[in-house]
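Multiple structures follow.
Shared between the two complexes below is subunit A, which has subunit B as its partner in the first and subunit C in the second.
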Partner chain A sequence: MLASIVASGLAMGAVYALIGITYNTMFATSRVMSFTAGMLGMLGGVLGSLFMLRWGLPILVSLPLTLLACALVGVVTEFVAVRPVLKSLDQHLYVLSTLAVALMIQQVTAIEWSTEPRPFPSLLPMGSGMWDEKYWLPVIACAVTVAGLEYLYRRTLVGRAFLAVAEDNFAAKALGLPERNLRVASYAMAGAIGALAGFSGGQLLLAFFANGPLLNFYGFIPVALGGLGNNRGAVIGGLALGLFQQAANFTFGGIFASVAVFVLFIAVLLAAPQGLFGTATARRV
Partner chain B sequence: MDPAPLADAGVLDAGSGALPARGARPSHLRALIPFLALLALAVVLPLTDNDYYALIATRAAIYWVLISGLNLIVGFAGQLAIGYVALFALGAYTASVLAAGTVLPPAPVVLALAGGTAMGAASGVIVGLPALRLRTFYFAMTTLGFATIVTQVALGWQSVTGGGVGVAGPSLPAPFDTAWGLYYLCLGIAVLCTWMTANIARSRFGRALVATREAEVAAEAAGISKPALLVSVFLFAGAVAGLAGGLFASLQTYITPDAFTFDLSLLFFIAVLIGGRGSILGPLLGTIILTMLPEVAAPLAAWSTFVYAILVLVIVLAIPGGIAALLDFRSRRPLPRDRAILPHLGALGELLNADRAPVALALRGVALGFGGVRAIDGLDLDVSSGQVHGLIGPNGSGKTTTLNVISGYYAPQEGTLTAGAATLPSRMPSSRARHGIARTFQTPRIIGEATVLQNVMVGGTTIGQASFAEALLSLPRQLRDERRIEATARLALDAVGLGALADVRADRLQHSELRFVEIARALMLRPAFLLLDEPAAGLSPDEIKRLGALIRAISRRGVGVLLVEHHADLIFEICDEVTVLNLGRVLAHGTPAEIRAHKEVVSAYLGA
Partner chain C sequence: MNVTRREILAGSAALAGTSAAGLPRPAIAANEPIRIGWLTTLTGPGSAPGIGFNRGVEFAAGAINAAGGVKGRMIEVVTRDTQGDPTKCVNATQELISQQKVHAIWGPTNSGESLAVTAIMARAKMPNIHPCVVDTLIDPAKFPNAFRIAPSNGQWDEAARKYCLNVLKAKKVAVFGDTTGYGVTAANACAAGFKQEGAEAVVVANIDATQPDMTPDMLRARNAGAEAIVLWTVSTGMIARLLNTRAAMGWDVPFTGHPALASGDVAGLITKPANWEKVYAVGYRSCSFDATGALPPRSQELVDRLAGKVNLSDSLLWWVACGVDAVNLVARAVEATGETSSAAIIGHWNALDPYPGYFGDYRFTKERHNGYPEDGIVMSAANTAKSGSFALAPGYG
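This part shows the complex of A and B:
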């Protein structure tokens, strides 16, 4: 039993961590927490199932297509819900505008796809039991994403430009960095990362429109635990959350596991408002 | 917060006299007209004898019971509570389960409803806890997460909630067991909730809620403790949400988790959003419109979430003020152009009590660094009653940092801070008002959407003695508080020379006028110490002269003034002592004449 707790906990944790990274990627260049993060994860599963099962496309076509479609959703989010409210960031209008876009995505999916969970195909016929691909695929996807982002941020010029914008928007603009294009690019990247979360976790979560709000909440917990914008924190927080949730699931059953997660979330937030790996806030006066 | 909606809540007093008139004023009555008209319509609705109308109208009344409380959170405090359907569901299930007796022995209906109300209040506070310390997004997320979890529990905990099959709602005794009987009950409760939230809106609590939203730092300086305030509001909003849930369960006669979808939460939230911030009439109209919308436009039912989402986007991007802003005609009337700020120093005598024991504010060896920079480095400073102490120095010498340490925004890393015999705690800006320390800010921190008078009244929040519950019910002590705060505010406005602009929206004032509004707000505390952060910046030479006379007069009423300023003329004219800072250290200290002759000061700062 312990083995299956660990296997499913790590798998779910990796999906949550990826959604957390999706939040962080959007946050880094815009200081906006977007409610579309969970929807991108949901779309990853739904589009994957649509392309592979309904349209019968091979995985090598379906995966890039899914990532591309979600990257596009990310860009649209930036144009519709983020750019118009950036001027008045302190009024938190982005909470409402991104929520609105998220709900539109969810509703269209519910009506055009289905309100029932649909199956997600097996990607690689490998492994069985707790070595089933559905357990290790998300973990691999998460590891690849983190490694890729680390490489991008530390080794490439574009990545450093991202970091510069994340560190100080105004200074980056003053240096002549194309801040607006970098922001759009980061939303596209976030879209692809969110899609990867849903795609790799497709067999665990299924292609289900209601995964959006769930992933929104469970993907936000790693961000809150790890500190806003901290990807390593999000990975640790995500895996910890996955393990805790699955352990509670096996011991108390499903409903009380979610209650336990919620209580833990509130408790940690109150004890460490900046997250366990976050830094203190800036000056206010 | 726009004057028109405030007027509808009775917040705005259009009386032009210096003293508040007693009893109902014409504007007060005019503000009531839309409410009375709606009530009259609601009362005669049963004449239609149409049970379908009864259902829709009862539903609207129940929704409004919840939304009236949510309005204080979203519309006034600006906290984005998007998952309030969870409290509604909890109230409904608690009342139903208590009445059905699946857990405890069956309870009478009244007790069951009270149980639902209590459950709502308790959960309201728990869900709100993160809002007390964290950014808005966290609160939005916790309410959303809570909504998800409540639905899961309702579905999964079958032995109690009946799972997907559901549970019977509490059935009310006669005369509330008919469609119209229940309607009148819900209408009565809705009217009561409207009255209570209007009472809060026009009390110091309502103003403080708006102040924490629009000018949080200034609210803290006025002694407003955001956590205490929000907990009261969360309790109230949670209670009415729970009660609304219980009534909803009675109306439905049978409840399942499907009845509490996220759509409903959106309806609640959007009703406030459409209505406009800081209004009561707006969200009430919003509630009625949104409850009727799906009935009128049945084909839209499947797409309701999508329609709500588009509504949110349109409101946020196009009309952030909502219905209330569209109806605000008053603020389009032009203001007189050639107005001048003419302080009325005589009013200070009435406002500030000169014969109180002198105290001293003392900083000893205070040091504070940011990263590698020592912003202040071992600073000693005294401010005594009745004296104006000038604090000058080049940019970056630590003047504003010193003010921020005194007012508790920064914690000094070394040194002590005392006012009289009391040591001032670090990092507790809202405790400073109690020690008689008031301040203004380099950039005025004003609630643009509130009137000048309301802005000043925010400064008097700590004068009030009535509790939140007394304010809710508008009890005598609350009415006394209001009269006193308003009279003091008008006096303070007269003193600084803005009496004529009391009822104007603050965002229509000029920059120089806002500086005087801030001084009036600070005077509301009847402070022992007044900290002024560059009050002359942006003022004309005439205005600076009047400001100097005002500051001088304030200090002669026994107030210790600490003045941070760059206008050397003003400093040397009105200060009793001057401290010059450079690189976080005291470069010189003495009378204006000594400082003017100080060689290093002249070379470092004043120039030859």
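This part shows the complex of A and C:
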């Protein structure tokens, strides 16, 4: 039982963490919580299944194609749902605009793909039982993504430019950084990360249009738990969520497991409103 | 003798009334088509049954019209795609009644929509037949116009329970439903039914259909000593995950329950075909083939008639057969009574005991509007689909 909790919990936790990072990546350069994050995860699974099972493409072609397609969706989101509302961030219009795009993505997927879940193929037929690839692939994907982002942000000029925009986009623009292009790039990157979440977790989640709202919801919890904009916090929050959710499934089962998750979530937010790893922002008075 | 103007008017009115009663009705009424309103879900989620029913409806209407109609009157099916949305269904029902002036309505085809429109049709005294399973949709006192030509949820439940108790000899069962209103209600009713029969539902749980790993629930069932699992959900993803988990656990507990257990979508989601063994879904005797692969004669006759005209490879035979029966029921009512009035059609249906349909022998009386016969509901071997029909589960003669 413990092995099952750990294997399944870490796998789902890694998927949630990757969606949390998708939220953070978009938020960093735009200060917008884009509710397309879960849809990008859903598209990762659907497009992966489409390319590999329906079109018969090999994984080495399918994976880049999936990441590219979702990066494009990320860019379109920036143009359609984010850019027009940036001037009035305080009115939180982005909630409506990004939710609208998310709903459109979901509906188009339901119409063009299927309203029933479709299978996602085995990627690397390795391991069985608790060592089945479906359990460790999302964890590997999450580790690679975090390592890649750390490298990007700390060791490359482009990454530092991202950080500069995230820190203070007015100052970054004043310094001559192409703030708009960096924002578009961050949305493309977020698209690819979301796609990787869905692709690596495809065997667990299946290629199903209804995964979008699920990932939107459970992917947001690590962000809130770990602190907005904090990727390391999102990873820890995501893994903790996955493990707790699976343990609650074993202990309480069904509907009560979800209740347990949200009780914990609310309790943590009451104790630390800025998230476990976030910093409280100063308020001008 | 003085004849007053008042007397002349009264006499004229009496003469006109007598003449009207004695004369044949205008020819236009005799040639007027029989309009059947058809509320169904042809697009969007859950449209597969609607598409299947619709194939039967179009086939039946076409066959009757090709044979000259009903006493010269053609069948006109007025179809409205409600997309599974109760709001759209309410609007379409109002339109069919008040603008299209249909003579009877067939549908809607899911309980959520039917719950929204049953009272509207009752107020309009509109003859209505539907295949929806929620028990409360049929109440001859409240809705004397509504007739069901498919099993109710209670009948499904009873069939699965009897199969567990009498054939599988399982006295301890785990009952799972999804977290929808249907899943919660069906699982609770099912557990109560087992308790009434002296058996025990050792686990009763509602599982989120999108839950990626079903190991916790299956382990709980095994640890509680479940000898069979009864499942009430339409989610093929949830069904496939449960079956894959059963295989991964090396457990051979049988599954029974909702017809969706036999959905073709499950085949694509299970990791190997063997995972679909020992799975028995609610099915229908009329649409099941026996050990020799033969359908009942009446169903075979329908399949022969449908050959080359209606595609059964991606649908279920019972959907098509039920659609054919629905149109035939309206047509036969008009044929027998020579009228299209609500009272005539409803009165005719109230006296059908039985009506030999393709899907089943329906029995309606004034007090019984649940027309589907109990002995027509059987369990099917879920992995045996062939042209929309299934093999009878083990245990049926």
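In this section, the second predicted complex is superposed on the first by the 282 of 285 C-alpha atoms of A that agree within 3 Å, B and C clash if a C-alpha of one lies under 4 Å from a C-alpha of the other, contacts with A are read in each partner's own complex, and residues count from 1 in each chain.
Assume contacts are C-beta pairs under 8 Å (C-beta built on N, C-alpha and C of every residue); 3 or more make two chains touch, one makes a residue touch a chain.
Remember, predicted model here, so these are calculated numbers, not experimental data.
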Once the two structures are overlaid on subunit A, check if subunit B and subunit C clash or fit side by side.
-> clash
Could you look at A:Val85 and tell me whether it touches subunit B, subunit C, both or neither (first, second, both, neither)?
-> first
Would you check which partner chain A:Ser8 touches, where first means subunit B only, second means subunit C only, and both and neither mean what they say?
-> second
Contacts of A:Leu103 with subunit B and subunit C, given as first, second, both or neither | first
Which partner does A:Leu214 reach: the first (subunit B), the second (subunit C), both, or neither?
-> both
Subunit B versus subunit C, judged by how many residues of subunit A each one touches | B
Quick one: classify A:Leu269 as touching subunit B (first), subunit C (second), both or neither.
-> first
Now for A:Met189: first (subunit B), second (subunit C), both, or neither, which partner does it touch?
-> neither
After lining up the shared chain so the two structures overlap, which partner does A:Ala17 touch, if you call subunit B first and subunit C second: first, second, both or neither?
-> neither
With the two structures laid over each other on chain A, which partner does A:Gly129 touch: subunit B (first), subunit C (second), both, or neither?
-> second
In the superposed arrangement, which partner chain does A:Ile255 touch: subunit B (first), subunit C (second), both, or neither?
-> both
Touching both subunit C and subunit B, counted on subunit A across the two superposed complexes | 214, 253-255, 258
Which of the residues in subunit A come into contact with subunit B in the complex?
-> 33, 80-81, 84-85, 91-93, 95-97, 99-101, 103-104, 106-108, 111, 213-214, 216-217, 220, 224, 253-255, 258-259, 262, 265-266, 269-270, 273, 284-285
So, in the complex, the side of subunit B touching subunit A is made of residues 78, 80, 82, 126, 129-130, 133-138, 140-142, 144-146, 148-149, 152-153, 155-157, 216-217, 262, 266, 273, 302-303, 305-306, 308-310, 312-313, 315-317, 320, 400, 404, 409, 441
Interfacial residue positions of subunit C with respect to subunit A in the complex = 44-46, 179, 205-208, 210-213, 215-217, 219-220, 236-237, 240, 248, 265, 268-269
Within their complex, subunit A touches subunit C through residues 1, 4, 8, 11-12, 110, 115-119, 129, 201, 204-206, 208, 210-211, 214, 246, 249-250, 253-255, 258
